[in-house]
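A short write-up of the structure that comes next.
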Amino acid sequence: MTTYIIKRLIQGVIVLLAVSFICFLIFRSSGDPAISMAGQYATFQEIEEVRKVFGLDKPFYIQYARFITNAIKGNFGNSFVNKVPVLPLILERLPATVELAVSAIFIAFVLGVGLGVLVSLKPYALRNRFIMAGSLVNISMPTFLTGILLIMLFGVYLNILPPFGRGETVIVGFWRTGFLTLSGVTHLILPAFTLGMYQLAVLLRLTRAGMREVLTEDYIKTAWSKGLSPMKVIFKHALRNALIPVVTMTGLQFGELIAFSFVTELIFQWPGSGNLLLTSIYEQDQPVIVTYIMLAALIILSINILVDILYAILNPKIRYD
Amino acid sequence: MIEKFSKSKIIYHYLHDLSAIIGSLLLVLSILSAIFAPMLVPQNPYDLEKVSLEHFLTPPAWMEGGSAQFPLGTDDQGRCVLSTIIYGFRTSLIVGFGVVIVAGIFGVIIGLFAGYYGGILDAVSMRLADIFFSFSTTLIAILMLGLFKQRGVLIVIVAICIADWVKYARTMRGSVLEVKEEAYIIAAKATGANDLRILSKHLFPNAIPPIFVILAVDLAVAIMLEATLSFLGVGVPLTEPSLGMMIAIGKNYIYAGMWWLVLFPAAALFLLVIGINLFADWLREELNPRIER
Amino acid sequence: MTNDHHLLEVDHLKTYFYTFEGVAKAVDDVSLFMDEGETLGLVGESGCGKSVTAQSIIRLIPEPPGKIVQGTINFDNTNLLELDLKQLRKFRGNRISMIFQEPMTSLNPVFTIGNQISEMFMLHKKLNKKESWERAIEALKAVQIPAPEKRINEYPHQLSGGMRQRVMIAMALSCDPEILIADEPTTALDVTIQAQIIDLMMHLKEDFNAAIMLITHDLGVIAEIAQRVIVMYAGKVVEEGKTKDIFEEPKHPYTKGLLQSVPKLGERSRKERKKLEEIKGIVPSLYELTAGCSFFPRCPEALPICREHIPKLTTIGEFHKVSCWLYSDL
Amino acid sequence: MKKVSFIVLTAMFLVFLIGFTGQTMAAESSIVVVVDSPPRMMNPHGSDADSNLSVMANFFDGLMQRKGSDGTLEPALALRYEHPDLLTWTFYLRKGVTFHNGNSFTAEDVKFSFERLSDPKVSEFINTGKNISSIDVIDEYTVSITTKDPTPWFANNMHQVYMMDKESTESRTVGEVQQVPIGTGAYKFLEWVKGSYLKMVANEEYWEGAPPIKNVELRPITEASTRFAALVSGKAEIVSGVPVELYEKIVQNPKLDVISMPARRSIFLSLGNKPEDPWSDIRVRKAMYMAINEDEIIEKVMRGHAFPASQIPDPPTIGYNEGIKRLPYDPEMSKKLLKEAGYENGFEITLTGPNDRYIQDEQIAEAVVRYLAKVGIKATLDVKPKAIFFPEVFEGKLDFYLIGWFDGTFDMGRTFFKLIHTRDKEKGFGSLNGANFSNLDVDSLLQATASIVNQDARKAVLQYINKLATAENIACIPLHYQEDIYAIQKGKGIKFQPRPDRWIVFKEISK
Amino acid sequence: MKSLLTIEDLEVHFPIKEGLLSRIAGYVYAVNGVSLTVEKGEAIGLVGESGCGKTTTGLAVLRLVEPSGGSVIFKEKNVSRMGKHELRAMKKDMQIIFQDPYSSLNPRMTVNQIIGDPMDIHKVYQGSEKDDRIAYLLNKVGLTPEQGRRYPHEFSGGQRQRIGIARALALDPEFIIADEPVSALDVSIQAQIINLLIDLQNDFGLSYMIIAHDLAVVEHLCDRIAVMYLGSIMELASYKDIYLNPLHPYTKALLSAIPVPDTSVKKHRIILKGDVPSPINLPSGCPFHSRCAYRLEICDKEKPPLRDIGGDHYVACFLY
């Protein structure tokens, strides 16, 4: 197990380097940040000077090497646009994103697994056909559309839920949370559902497929033949097995949600890091983008490793030798 | 799985599965309307001379101020919404099929060789897959915009493919690893068949079915992605209408009460995608060896 | 005719499966009985309905597509088919228990074997966790698993096939059932392990005084341990009788053919090689049964009547019944 | 178990209460203002974007300030200035001004602030900074600044060069300076949650007297429709950048007032005249001009919220020429001109433009492309985010692009050097002349203006240059001046007068 | 006369990789020094329980798995040293039949294509000759030429096994390895396939290596039988000697464990203790010593060699 984790970490570092390199490459070849950094009225020479100050005149590989050496020391440089250190800039926005992602994945997991089990027991019942149709609707709607339609319905026509922003927040230690105020929670509802909707459908379908498969297994027959109650058979013997791929998927999706929820954040004007990323991309703020993507890769990677560990706990057969 | 692969059975199942029929009908209708768009539409939204600001923001025909010339109304540039939707299908389907064909072929080839030969080839291509997979497709597309500084259908296809081939490669690899162990592959080796023959005649045809399911699902995903990218303003150019862009434009008019700018393209996008998904669902069940219908 | 004090009595059981290809009459009018402490062998080829019969008894048929269409299953004066799930559960595992063919898949892979065995005690004996655990260790001891205190914390995949089947037996016998249904318990095992398991089952049967319904396609196993044998073919009982009668004086052409077609160890060494007697043709699909006797197309002794009419099970000796027109009249 | 959940619930309830009381407390003499783009940083020199300068105007003061709906230049931290020769500017500072941290404002702070301008790590006013050759502190309240080149508009720019406290800026880390502003402004910084809000509180010791509104919360919302939602739901008192497509809705809303203000920014299409291009022919350029139905653009695309423009500068700017008139919309004439020039069958051209910079920028460009198509010119539309677009302008690779301009100095001299002077890397002229327009007469006249200080003389020369470039040579096709639309909550007694530069200076608002 | 096939000290060890650099942490010792000869026209049986290496031995002979040591001489040529082309040509003479009639036929090919495939590969029987040959083979294995146009899933298990046999016969091989040819079939079908194999041997003068776990099947089909345990041959003798005069304790246990469908035969059953040890951690000395009732002191130290104790009866046990 330990060797496995070390192996994954080493792989992760390589992935991280590759990812940062690709991002760096794209942005180096995409535009000259010095132009916008020098101000509207700067002359060609002044821009050249700016380039020198920021080392943008150096060859690409030197810039990259410098970026990486600094990054190892924890210094990811300053934002070209905001001129402040990049890492705190992103971290400051992270709690909003994490809270959104956590709520979304919570909704998706609880409802997805619950409905998935329900549907798997009697796949042909009318009610369950409706649930399945609903899940199909969910996976057939791009997130932005879900968001807009929810805003249209609840924010504009019914006007019962706030359609944008994060509401009132409270600082607990270093963490700015919206969970603890009523306004924070109501603001969370629409974006969390928007973000979680697609995942909900995916988890529902995965649970259903898993349950349907598991329910035909011999050990379920054994469990019935032991005289166990349906609750025990379904929730202990069947669900535990069906959950293995579901938990894996949930973990992977959670990573994705934290790292790449910018579409939802954009639509709901959520002050999270995804929104920051999007703004930075439009503003070509290269240090923010590269750092963000590296951070995202790191988050996804750590979650993947955690998922693998969880997988091993859930599935005693796996020992990663 | 192969056991159940009887042709008559597939047709029978198909004809007895209402959702599969509805799904494929929706898909076929969209494809047909996309192909025959120039003959169908009241106004060609690509023809810059025909579109005129004169008719901007006309409501649907049945509403007050509506005109029979524009059954579903017009957008803020005076484009006929119905025509734009039909042309939008074109963009969606070109991107959708473009992605599944390009990413599919690339991914399948990589997966086939990685799975069959294993070793370094396998390790390298799968690590590569990890790297590309750790980006989200939307993000790649936005980054591509930075690289090319231009928008275009081709760039959208390339952008989506960059992360998308991974799905195919992984699925194909998994499928190949499974089929590789089948006795008929060993039997083919035992009769002295060379690698090329084994790959093409024995391995490929048997490892490919799971790809069909991915293909169908991915078509829907690619279409949704194109819409998302166009919605974000990094998809196809403004002059080549796409459903996502229509929604993006229309969203500014939600509060102004001009619902037709969002609702019609949204419904069109939704019907197209759900059609594909219905079909994909049916295909998945059909090709799934484990679940008896 | 039948003894009134049978432990289990299955009457005119019909279990059908409704699928795409049509209706599969997996069990078609099967009647059988079991007495206390006896070992009944249920033998037949794949798809003959022997497993479905057994699963019908404790109602494990998946619905849909399966359905018990007709019949009664009387156990201790109760018709099991009339019970609701809650009542039925008092029988399952407690008074009638079952072990399955694949020891690899019939234990839940994500729970320790201790967890899975102690569940039985908690459920049927209402013991607490600790007591159940201790009883589980005893049960493992009873099936001769070495170091049960250690093994009890292991997961199924950590055990060999033989060990797993022992665990299944321990679980099945944990509540002193009156009937143990063993569905191909040794088919997946090697012969030397099979010998161990059969030996174990026979010992335990005496200790627990349970009746065993042994379902297998292996005539050798039946010959060695069953007291009575039921031969099934295409969902129907074709012959039934004491083991000695069936093996030494088989009446039904199918039984005869089956016995002759099996290569017997040492036969060639003793009697020189000859070609095996084979039953021509293939096992019929349950969807394409003919109107008359299902064995008719393959039967070397077929009569014209066999094509048209299904023969009835006729008694031809003490406990010996056969379903063949050669032995009965219209 | 139960006990724990009880405690948790109570705790949550208490936090809720605190949350609510926090909300209600802020109600007294406070406003929430929604703007369309967020401040980037709290460093007054760090960004020359109006969105940032506007916010900084509340924390900081310049030596001068602009006031009122016409943007009159008035003294601020400087009481007056002298301009003894072409290169020298002497400022006499206001006495008794203190920074928010209590430090008093002196000539040393002015010197420090100007020096800071040329450090690219903290400043985007490099051009201004590098142009200064020396800063002499004459006494505690007098500073003399010498520029390298004659810069007639130097003082006109002083409202956006903010004065910082030398001591606190040097003693704090760069990061802290970027986050927490310490200025002399009418408002003191309270809290900034990036992406959410910026809170500030009145500076009771402000040299101009304490501002009427005590608490201000600034909420940036980039999505136009979301801004609207904030307004309608009553979450904001003042909203700037009201989308034109929602104008009617707001007017109809009885709870809202709409104020529209002609903005100074003009929108135009820049056009080059490289000899190999078809559009180097003045007839072609005229034809393109006449093909565009600007009235329809204003009516439909801008929903009537724009004014036709005939030139780049607006009336208050030095260089505005009343004599320049728009060419009429005449597609027939346009086709005729094209035929004369030998482009009967049109030609291909790419129209580039930003899609996140000006009001309806994308839509305007799209409409232009279609007008051109109607006279046979095949224009390809290529719109992109401003961060990609502007460097392309700078690199001078474009043929034809949509851009907007407004010069904070109210003097066209600086702008023309950027926009229509021939590109000259050595001298740094024409850096935003992205389509390579070149006219030597314009160039030489422009260079001559640098040493003209007399305002009337400047005006005359600049007007002439303007006419030469835009009317006679069609260096650009002017479209319109934008209109800024603000919405405010009715019945709260809010007095708000929009400024020509689109800044929102809170000390000018009362309630 | 030279033997048709000579296997000498054949070893197959599969590496187990683990750790960061995928270094080899150990081996699965599947086959450990197997020596055998097969004469022309002879059928030899390989019996043993699952995991004893009998299938691996069969695959290694055809080089479908690479042997780690030892040599395989087929028709006086060393198979282990053959190049790609030679190996391919060799497969004309040596073929294999698989256990699972369901997975051993390519589901995407018709029966005709399956049987014709080897002919295409080796470019023999082209054109109409090929069709004739396929029809002939189908007939030979008891199927009709019409059935050749169908796909494998349309057949029952026994029929599929016939197709597999027809494929093996396609190139007119001299030697066929049959890996558990009947174990997946129903009892009544097993006899049909066993009889077919006997008929084909008589008709074509084939040599067989029959790999099976069922001693009764092997006894019926084979002239000589090798009993394998943990990758080694324990005993090798004629079918008669194996049954009537088993010497190795393992052979004895195996024989006694097999239930006989005959109520008249009552016999004493030897129950072995425990499970077969893992082929990853081979026991020292005799592979069987941990379960052997007649264990001597030497048994856990030294591996007994396979010795001829007279009458072509080989046994690997220190008792003899």
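Before moving on, here are some points about what is shown:
Letters A, B, C, D and E mark the chains in the order given here, with residues in each chain numbered from 1 onward.
What we mean here is this: contacts are C-beta pairs under 8 Å (C-beta built on N, C-alpha and C of every residue); 3 or more make two chains touch, one makes a residue touch a chain.
This one's a predicted model, so the numbers in the text were calculated from it and none came from an experiment.
For subunit C, the chain whose average C-alpha position is most distant is D. Taking B-D and A-B together, the pair of chains sharing more C-beta contacts is A-B.
Centre-to-centre separation between subunit A and subunit B, using Cα means, comes to 23 Å. Distance from the subunit A centre to the subunit E centre is 54 Å, each centre being the mean of its Cα atoms. Between subunit B and subunit E the centroid-to-centroid distance comes to 50 Å (mean Cα coordinates, whole Å). Between the Cα centres of subunit C and subunit D there is a gap of 88 Å.
Contact with two or more other chains is made by residues 229, 356, 385, 388 of subunit D.
Counting partner chains per residue, subunit A shows two or more touched chains at residues 30-31, 151, 156, 216, 266, 281, 284. Shared interface positions of subunit B, i.e. residues touching 2 or more other chains, are given as 146, 149, 251, 254-255. Against subunit B, in their complex, subunit D makes its touches with residues 224-225, 228-229, 232, 243, 245-246, 248-249, 293, 296-297, 300-301, 355-356, 362-363, 365-367, 369-370, 373-374, 380-385, 388, 392.
Within the complex formed with subunit A, the subunit D residues making contact are 12, 15-16, 18-20, 22-23, 40-41, 43, 46-48, 120-128, 130, 174-175, 178-179, 193-196, 219, 221-223, 226, 229-230, 233, 356, 385-388, 390-391, 394-395, 414, 418, 425-429, 431-432.
Across the interface of their complex, subunit A is touched by residues 55, 58, 60, 62, 64, 85, 88-94, 97-98, 100, 102, 105-111, 119-120, 123-124, 155, 157, 168, 171 of subunit C. Of all the residues in subunit E, the ones that touch subunit B in their complex are 59, 62, 64, 87-89, 91-92, 95-96, 98-100, 102-109, 117-118, 121-122, 153, 164, 167, 170-171. Against subunit C, the residues of subunit A that register as touching in their complex are 124, 216-219, 221-230, 232, 237, 240-241, 244, 314-317.
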